[in-house]
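What follows is a pair of complexes built around chain A, which joins chain B in one and chain C in the other.
For the complex of A and B:
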């Protein structure tokens, strides 16, 4: 049972915050479901994207912030591309993710947070992703050194991962992007 | 000299009927001198082929084997008329809808087509030339009901120079639209756009306005209706009343405020609202102290114009009309009996949307301040529930009310404008917003005015601590929901106006399953009825919004103007005919005639039946009822029908 008169009022502040930071209007969502239809990761979510939008519409922010969806979203942006009312759904999910992070709500899956940090750090350092160092770093940090190691020969043979980091032409510009987003000189937290 | 033309209708007929074999068979039928098959008979070359054959072979009768007569009988009558024949010497044989479309084997289908053609040939052989009749047209129109549709129709007809009588049963014109605060999707002030039209009605030289009046009896037929209109006594002399409202102020007898959907209270003598047309008071005897207990007459004493006449009696006016427009509008579904879980009306804060509209209106009983009925408090949480008595087969009402989604969105927007910190919740099944600019409007209620749309029907409403708990479901969240509401507004469905059924019977027009008046054809005759000369406008024909009502009223007016611009109208010759020599004068025919087309006539040395040709619709009931069998339908005589049966059974 959802007590709407409560949830709508109690959730209003967080919904407004998500709307402000993402620049999206939650109320504009038609509930057509096209985001979910195109989502490649929805099979792993607890709430598919359209449901997440509706939960925000009726003020169930707690569910949204704690949801697996907010953590597992791949940010592939397909939903945002295809939304008929031009809502950046991935942006909304991303914002929910950030707010949950700040509120310390996301301790259920610490590895996810770790991976995300490592990923962004890696991109900031090399200008683009270097899978080998990301995987090594992640395994070191999680203490599971042999995790996925059996895949390494195949990935190397098929040239899916490389031993040496990639080089890009203008690393400084990528770093500046990170600076702009984070407001400080260093790579993401 | 019969000619048989077999249409292939492209492959519609030719795919399952061998038209060549039908032609061969037709050539051997008695009286047939010409038979041919044509690819598209209704096309211009097809019609020319028929005309050529008539003129070259000297045909006197034609059998057209093709589609249903409903489709093209008129087309071919005109064609053979152009060839110089009597247009009624034509028999349409349906070998498409009743033959080629419904069977598959070529042999059997062809055989059936041949049988049908033989039947048609037998019939047309016994056909006599018929001449359509004509009757004069009374150049005056009657418009029944003076809501927005009736007003529009009356003005359009009157502007064309045709006199109109506009009859309204309540004391003022304006109908339901006059009760609305704003209109979707533009939020125009309803009375600002309607009032000028109401005044125009009053001032129009071609419009005779009759309020407090009802159509009592209808005689006659298209072009020649004779109609009794009863003007109910209002105890106020219309010509004298100045609309000063002193009587209403001083009147000691309270009465329900019908105009405000009972959101407020009125007096026994009153003017419904300040913009009423005519601005004349009327007295409701059932609430008046004088008529109940015999002591009062305050209004008479205070009236400065000496306009009160307690002795006033109903008057009946009889007038002739050429055409009638029915624009009786709609009523609201009474939800109380059918939705026991919504409180059956026991909770004063569960109201219908029209009452809410009056609470929103600046001219309403609360002056435009939203106050809930129970304690006059301003509500904060307002729940709207759609489809009450609509899309609900359990209460016998499967249809969509077609305006609920839109007026809920409008009321949610107005609520937010009135009370900025209010929260509206709208329970819906689908948001049906198909008109121009409608969906954008309904979306704005959500995006710009914060209305929360919950997909699901409400199960139960019950009071708890000064609030109403609304138990529903949110099918999109997949869970039950509960809202503590201050006010619940029900979007009730539309019904025909009170008394519409009786009027339909008096006018001899049919109604649909819900009692709405039936149009002549759902697509091609949207304003006509099955009775000639009677047209429909607005929500009396089915639930409709204002733009659709106005459009339909304009269309009905155009039909009336077209009809009344003629001096005479042609009537169908396929009417009943009495052999008065043999008529016994039992008048069984008159009793069964649904059109009142049979009258007594002094002839043959006594009373015999006589058919009023312009009124007869050719239904044939009298033929069956006549004990000596002396009534026959022209073009459908007994010997024609028997010949057809004999040929089919051969």
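For the complex of A and C:
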């Protein structure tokens, strides 16, 4: 939803911040659409990449920060490789996502956020990822207990399930890395 | 015998154990020593660089670089994701003294980050000449068409990984051709498989991976070859889900690069963990193999 009270002037400050962090010039975008034509994920986006760039050009930053696109970009960087004026489009989208996150705009695609958090919590707990508990935790938290259940017989039959979690020796050192980012004993939120 | 530090990463100790097994067999066959890093941790994979400002995406792999710094001159990370994260950490630590400082503070000593980081293709190309492999082949893979699937993070971003051509990578081909296999034109070598969205946004993975399989079959490819456990999971393990979602009937094998070389060296599919894959429908070429 566009906030109509928002002026292009206010948007300009956020656009400048995106440019500063990503090191890209939004105005350089030609609107040729090549990023969109190479994007494998665009079918799931609300704004295809070139339209997202255009929204930034005209200062409609709230649309960008709240977009599905910012959350769903796979960061495969194909658009950045193909851009004729060498804009790192994926870097711009990733920066918008980070700013949205900092601004607390977390209503779009909460499950992806939850997955990343669960993944990192899992790593903080064991030092390595334990896929089994991540899957169980995620399905319990989202209430979709049958998610990927169809894979279970296959995974068990093919001995791809690790029952017991790994654990590294110097877990304290790994947790200090988490503290460096979060300033507490482990990942919050 | 040349020895390398070895960073297996989480996948190779669990859902992609067959990648570890086949890599060790191939390394052993060519006298390549592998010393597993002591007490390594998760590299952070895709979630770390995309969460909490992204800095864990540097700090977690930095600890592994630091451990590698006390070992051999080079460290090999067969998982494309781990390889990318190690290269990224190195890239950022190199140019950001302040980050180096903070990383060192968390580790408890000055961070060692300059160990050479190799991916599995790079290591095997360095240690095995195609001619040598060709002479050692016990099971010639003639008549087999392999689709070399490199994925995203092995070759992108090019200024960080500095490996192969980011749009048309070709470094897997010489060793594969030395096994007798053909590597026909496959335009989807670096198309994204859907990344880590499998649990939280499955339809993205299924659609992205379906396109890759579809194009591979149109190109007459018998099996895809990958170096990435996440790509393998999306393209191989989830093939049944793709079939269920789209009404297709795909049974396209997806093999790790090291498994193909292992097969050519005469190892049985089971020794290389190929029986652990969902799709073991190898048709004609596996039947007359060995």
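Quick note on the criterion: the second predicted complex is superposed on the first by the 119 of 189 C-alpha atoms of A that agree within 3 Å, B and C clash if a C-alpha of one lies under 4 Å from a C-alpha of the other, contacts with A are read in each partner's own complex, and residues count from 1 in each chain.
Operating definition for what follows: a contact is a pair of C-beta atoms (placed from the backbone, for glycine too) under 8 Å apart; a residue touches a chain by one contact, two chains touch by 3 or more.
Note that the structure is a prediction, hence the values are computed from the model and not measured.
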A:31 touches, of chain B and chain C: first, second, both or neither? first
Contacts of A:81 with chain B and chain C, given as first, second, both or neither: second
First (chain B), second (chain C), both or neither touched by A:55: first
Chain B versus chain C, judged by how many residues of chain A each one touches: C
Partner chain(s) touched by A:44 [first = chain B, second = chain C, both, neither]: second
Where chain A meets both chain C and chain B, residue numbers: none
Footprint of chain B on chain A - complex, ascending: 1-5, 8-9, 25, 27-28, 30-31, 51, 54-55, 57-58, 60
Residue ranges of chain B in contact with chain A within the complex: 381, 423, 425, 443, 446-447, 450, 452-455, 474, 476-485
Residue ranges of chain A touching chain C (in the complex, touch as defined): 40-41, 43-44, 72, 74-78, 80-82, 88, 94, 97-98, 101-102, 109, 111-117, 119-120, 123, 127-131, 135, 138, 147-148, 150-151, 154-155, 158-160, 162, 166, 168-170, 173-174, 176-182, 187
Chain A partner contacts - residues on chain C that touch it in the complex: 10, 13-15, 17, 39-42, 44-48, 50-56, 59-60, 62-63, 102-103, 105-108, 152, 156-158, 166-167, 190-192, 194-204, 207-208, 211, 237-238, 240-241, 244, 275-278
